[in-house]
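Two complexes are shown next, each including chain A; its partner changes from chain B in the first to chain C in the second.
Right, the complex of A and B next:
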């Protein structure tokens, strides 16, 4: 290593590179972008859940002084013949065509230089619909006469969706099946069989920076500035819609004020692109906080889970039926149905498994990825179910989990053999931190105390690609070109640490160039906790390539590459401070697709994420109010690149899930969200955070990851909900199977248990 | 949000005159915390806002008069009220209520007059001030009037104020020697709008065996369409020595007399149960204080 920096950058809690710029208000965001001649767009949205568009009257809107143009779906069809987009299905129109499929669907766009004028004019648009029967419930959608899409249109990107091409009269966007062993026979032989149904509610990402995109038309080119987690996808999809080469579409992404899976694929990008091409002017659309409720949400789900168990507490069979409420457009829902669906039986060693998982269209706002990609819904079901079985069998919930836990070297339900998955360590550390073996103070009077644990796991989406470039300058400083989006998770800092480690240079001398598809190379997207592993590996390879080239250059000019300062090597070669060394690296893991009929694969994921939680609660028996007094989150994240950032990722994820557990819920009336604002939809505030919250990464190494690291963004969400429900059961003996765990739900369960149920 | 005209009169009388037009799209604007939200949601589309920020300074003052009666200018901000030493001295229940009222950003700009006149039943001060026996003074073209705060409310977001009639001042009798408490129950996040607010003001005679209630005022908010006094619950306490059975009777009386409505914070049936419990807890909390 070089003399400049021998300490090593990886494994240190380096302060975030962007921290100072953010707290001093200097960090760049799309919301602050002002372009010469820019038009602001305001979206007019559907007021009904399902209907045929009979007439769109924009006369009054167009007549408002200052309105430049009003754009409808038909206007867009004039320049983009098939204006439907989507990562799994080409099902979503840029503006509604012929039909609307959910309340809040964009129907028209008003453009004006003054955003207030655009807003005022949008309120004057009048649309007449012929209302159609609508379906809202995911289980009803399986057999409903109301059909959201007349014909299924898979995007063709994913081979396992091809069989759905052209299918009619169905709301099932994907059915995924896994068969292992013989579940039916095992249920017959089991000593006890348990079956429960769990439900989760539709919730929202609530990034504090709402969606925003701007497009600038050029000479046969288009530049899009967007708050997106997937700049490479945006470029490819916009180029496809326009029939242009990728090279003519440029996508730039500065910092994001949170994403959590909402800002993936196409959101506003196609709309601003079309509007800018129609007008020849830059067009920007900035959503309000309220409009986020109509853009992308997290799947509500119904999960039926059944287990066969021996007398001594071995789970021998598990059957899972999962219905995912995808809303009106598939977004990435079909991937969730499959990629998360195969973990539905939980991190347990079960010989006989039967899974059916269905992605469904309904007339609700679309659902997609949200910090966990379906996993928190599944863990909610299987680790509540696990606890209920343990209680029924009078087994200690920790002991019951220990007995059945999936250990390294054993096959998971897909047949993939577990490796580098520290499930046992995570479970044991949660138990140790809760002093599980010691007596527990149970409260008295109207306040009763309880505790619960839960554990979940996730496979990373595979296979996906990341590419990185390291540009070493002649003075020994360096730039990293990466399309990973830093939306607050600290990826800029972690990637710079990897470069600093490989090249032996100071982290402060590294600039991370933000995604700009004309400059930074391809990356699948910043999602699903994939960046540290995939981009981390690509960055490491790019830095190693640069280092190898530097050593070769030093040899060429007769210097020692190991000890000579980098600047001297360049000077000796070029006679002055000049030149570059470009290192490149790309990464795609090995993968074997799952079999269509059995869901089996010998290599379904490059790594496993583990998240366990423990909770202590106080329940007010007179009101049902639940106070989480202690929350412990333990994850296997491999070896942390930056321990402090890992800790904040775990705590942030767990607090986000705490909101989804206790308070957050989108309320609907005939498909209309009735609490679409931060006053009506409550996310946790500082006062809701447990007095004691501890986060820990277990001692672990991911052998395929850069410096032993793997993903961390989602693990803290997995187990919070069931841990709290299990603790409530422990405290007052009632079991809730639907989220959120509101005070009223707890109170009603208590009354029912007392034999005097509260009337509706 | 459509463009609108913003006027900034220098006197309260001038402001009242500007608002007297009878045009529903002309509205007063004090702290603006509620008006701005309604404008953002598109439910209020004013053509003209009459700002009260430049009116006479005396309408922002807080002072204690004879016998500790508080005179609070309608333009005093909630944080001024929160930090006022005379309020803490003469009516400590108000100071305590303000600490959990909305958040510091709202309290810094929202005004007492706006808070009362908005008539959103989820507001925290109306039940507390009604329980303390507050009156409000108003100004309009004809001069003005003084009425018990209780008579201000006629329905959800509705008051008995006429067009061009503005609250100028709130008068609050000294709390002591009465004992008082306000309990608020939120059901989603801690800083959510309340599902229920219960204000209790008790006039007690202390005896060795416990407190005897000479008089009680109990006012609830959030669960009903306007702040409501609970006469039957008050009667259950009046003249009684407080013990568990008296408290239970008061809680049961409250639960049966109030016209509770359900919303996103809880069903009517659940809020009724909360009321039964919180009336008891509020009386206990008031008695536990020995400030009076």
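Right, the complex of A and C next:
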């Protein structure tokens, strides 16, 4: 419309809106928050993995000068009769009631104006337990006599969990099954059958801003300031717990110092809400780095995968059995079991598929979403397995994937026909960037070189809703109200670009109003790479609505909306700089649930994410040390709104996955995490980054997305782990099937291959 | 914990200040509780991540392990110290231009360390950059962009000096 401004805001690498605030240390995080009369809470946590609480003695803690109050689970029952929360199951108590189910579970909360006083007092709490048998392994949990929950309590939100209501004596929090074709018959007919079992370890998000929430009680109202990826969920769940209308609970979220799936649903919000209502004062709880290890983790998984293959390298059948270690509380694990479960056979065109995917309760810290929602665990299995088959058949791993790749127009295992999924392009670009067809220097002596590729895909969680409001001011500047949380992924900037594009105004004149449930409308959550597509569509519609109203207003006052500056339209209507135009937009994609018995659906996802990686490694055969010298990540993200931010998302995701591949692992002894600090749990630093990292978004269009875009936050994680394991196999001929790929694991495998295995 | 507070005097971002501090407070608590400066953040609490970086007498220290009382008489500089002109120095501008941060939580630490690096070595090699900044962690994994930003800042500083 206004030609001088129309430079095309979408598709440009504009710098982040909040850049200056972040480089000057002035960006707002919940950890900055100080409130008058505020109490700090420190949590006393369970020291055993599974047990009945016999007695909680808080006398000594209460006697510490400066302690305002000590709160236990029973105290909370006085204001919340059923204090259990959770997105899939109402299984998690705000503070332990009757039982503890993992080491580190919150049992009591000490409140004091001085956090040091609260911490000292918390250490004086004495709890006596009657220890119960515990289960830690996800496969054992299937048949274990140790049962984590007495009875299953689905939240009612998800129809496919309803059949579990009231079930007893089981640790299975969801069983998902997919049946396509006749796998048993196809295995009989196959020329070769391959079967392997893979494992992934329990790891942690480690946002550098640890979990933090604060609650402020009002007159029949409650305001919660929280580092959360899901403000709308927090409001609805807190209102449900309290039996209040949504309108009485206000949730505000500034910037997040990282989230990665950790800061979803309820974490500390119910605890600070209850404590603030019990005391009538603002309460803030800030976790330490160590406490993050007890709060939410990523699922360890065991994956058995079996394929039937023809002589010429066509995969005709695949069977997958997946056990997800959900820890003591389900969090969103049952969704992972289903939403990721149905992609377990990988992005391959296979006629006969048989999948069983199980969410298991164990006595470990709870597991939830972590940048990929279960996909990196599955890709680790299927694209290692795929590579092993290719090597066994003496086929080129690239050629074998080409031959079996799932292409647009063909049905995925659920029956949903693939569209806008540039698997072929992603695979070809990785191969091209690695010069796959050219000779490769394999090293000599004790340093051997190898290379590997892998490809994975993901269906976005569906169906979910986003709502947005665009408020156009009388001078032509504008505000966008959206409950999408900018935790570093650059959503503020991308959403502002969409508004600027539609309205033809400068990005700098747009203010993105941060989530505040009294102000910003509903959004399901910032997770699963859904925001660009869902909120992006809602924002686009809101901006179009504002634009249409502006054009109508211009017509009404006899001006051309196309050419008149916005401020003049307002002035003509209101006689001065006054008034607003409010545009609204909402978006929910179409979706068909999977069938309970067969897992089939004609429309299982609004869009597919594609992530392929290639790695070159050097393996020191004397130490097992693996050095990744080159990493290539190629994704289909549709058409990027902001190409630079897209690239940094791919790069950052791959670096995070590099940590999960090479070094990160939560170690446990009787359910106690023994390396709960950054000293014992090593995340990647500058020196761990490959000399060469290249990232690419293939030329692609997502037809349902805003300006052809779709999600990108997770795609860079999918294929890093198997690409590196495949490269290690290429270099030294050993195959690792468990993560992480430590020097010790590689060296042990080398010794085993040489016929002189090391002792355990 | 009724502790005797001690009055300390020091220079904070160029200004003479004084504060009463309990003996167990660390530097991050002092800056946050007495001066409402939140750019230095405690994250790992073990001096391993660099989020709490503060300059004391011109040297970067980990604020979460540095007792507040020890800055008595010292010169303390935090990320909030504004540069001349538009308030951003070459390092900050380069970080914005290169997209060298995502969530921004670790960014102040990286910027302070980069300034110190470029003061010592105006033209560092990539290896020197990696080693110098290896004590700062970025969970968003913006390392390649940070390396790019350090080089860009080095060029910007050279062209203006």
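Just so it is clear, the second predicted complex is superposed on the first by the 759 of 760 C-alpha atoms of A that agree within 3 Å, B and C clash if a C-alpha of one lies under 4 Å from a C-alpha of the other, contacts with A are read in each partner's own complex, and residues count from 1 in each chain.
Here, a contact is a pair of C-beta atoms (placed from the backbone, for glycine too) under 8 Å apart; a residue touches a chain by one contact, two chains touch by 3 or more.
In this text the structure is predicted, and so the values were computed from the model without any measurement.
> For A:210, using the defined touch cut-off, is the partner it touches chain B, chain C, both, or neither? Pick first, second, both or neither.
second
> Just checking: does A:651 make contact with chain B only, chain C only, both, or neither of them? Give me first, second, both or neither.
After superposing on A, A:651 lies in contact with chain C but is clear of chain B.
> For A:667 in the superposed arrangement: first (chain B), second (chain C), both or neither?
So A:667 only meets chain B here.
> On chain A, which partner's contacts cover more residues, chain B's or chain C's?
In the superposed model, C touches more residues of chain A.
> Report for A:120: first if it touches chain B alone, second if chain C alone, otherwise both or neither.
Both partners.
> In the superposed arrangement, which partner chain does A:314 touch: chain B (first), chain C (second), both, or neither?
neither
> Taking the superposition as given, does A:747 touch the first partner, chain B, the second, chain C, both, or neither?
first
> Tell me which partner A:248 touches in the superposition: chain B (first), chain C (second), both or neither.
A:248 contacts neither chain B nor chain C.
> If you stack the two complexes on chain A, which partner ends up touching A:425: first (chain B), second (chain C), both, or neither?
neither
> Which of the two partners, first being chain B and second being chain C, lies in contact with A:759: first, second, both, or neither?
Once the two structures are laid over each other on A, A:759 reaches chain B alone.
> Show which residues of chain A both chain B and chain C reach, each in its own complex.
116, 120, 288, 290, 677, 679, 683-685, 687
> Looking at the complex, which residues from chain A come into contact with chain B?
On the chain A side, the touching residues are 116, 119-120, 123, 288, 290, 622-623, 625, 659, 662-663, 667, 674-675, 677, 679-680, 682-685, 687-688, 742-744, 747-748, 758-760.
> Residue numbers of chain B touching chain A in their complex, please.
Touch residues, chain B against chain A: 1-3, 37, 40-42, 185, 187-193, 264, 266-267, 269-270, 273-274, 277.
> Flag every residue of chain A that touches chain C in the complex, lowest number first.
Touch list, chain A to chain C: 15-16, 18-27, 29, 31-32, 34, 64-66, 114, 116-117, 120, 205-210, 255-260, 288-290, 487-490, 644-645, 648, 651-656, 677-679, 683-687, 689, 693.
> Name, in rising order, each residue of chain C that touches chain A in their complex.
So the residues of chain C touching chain A come out as 1-2, 24, 32, 36-41, 43-46, 48-49, 51, 78-80, 82, 87-88, 92, 95-97, 99, 101-108, 111, 129-131, 133-147.
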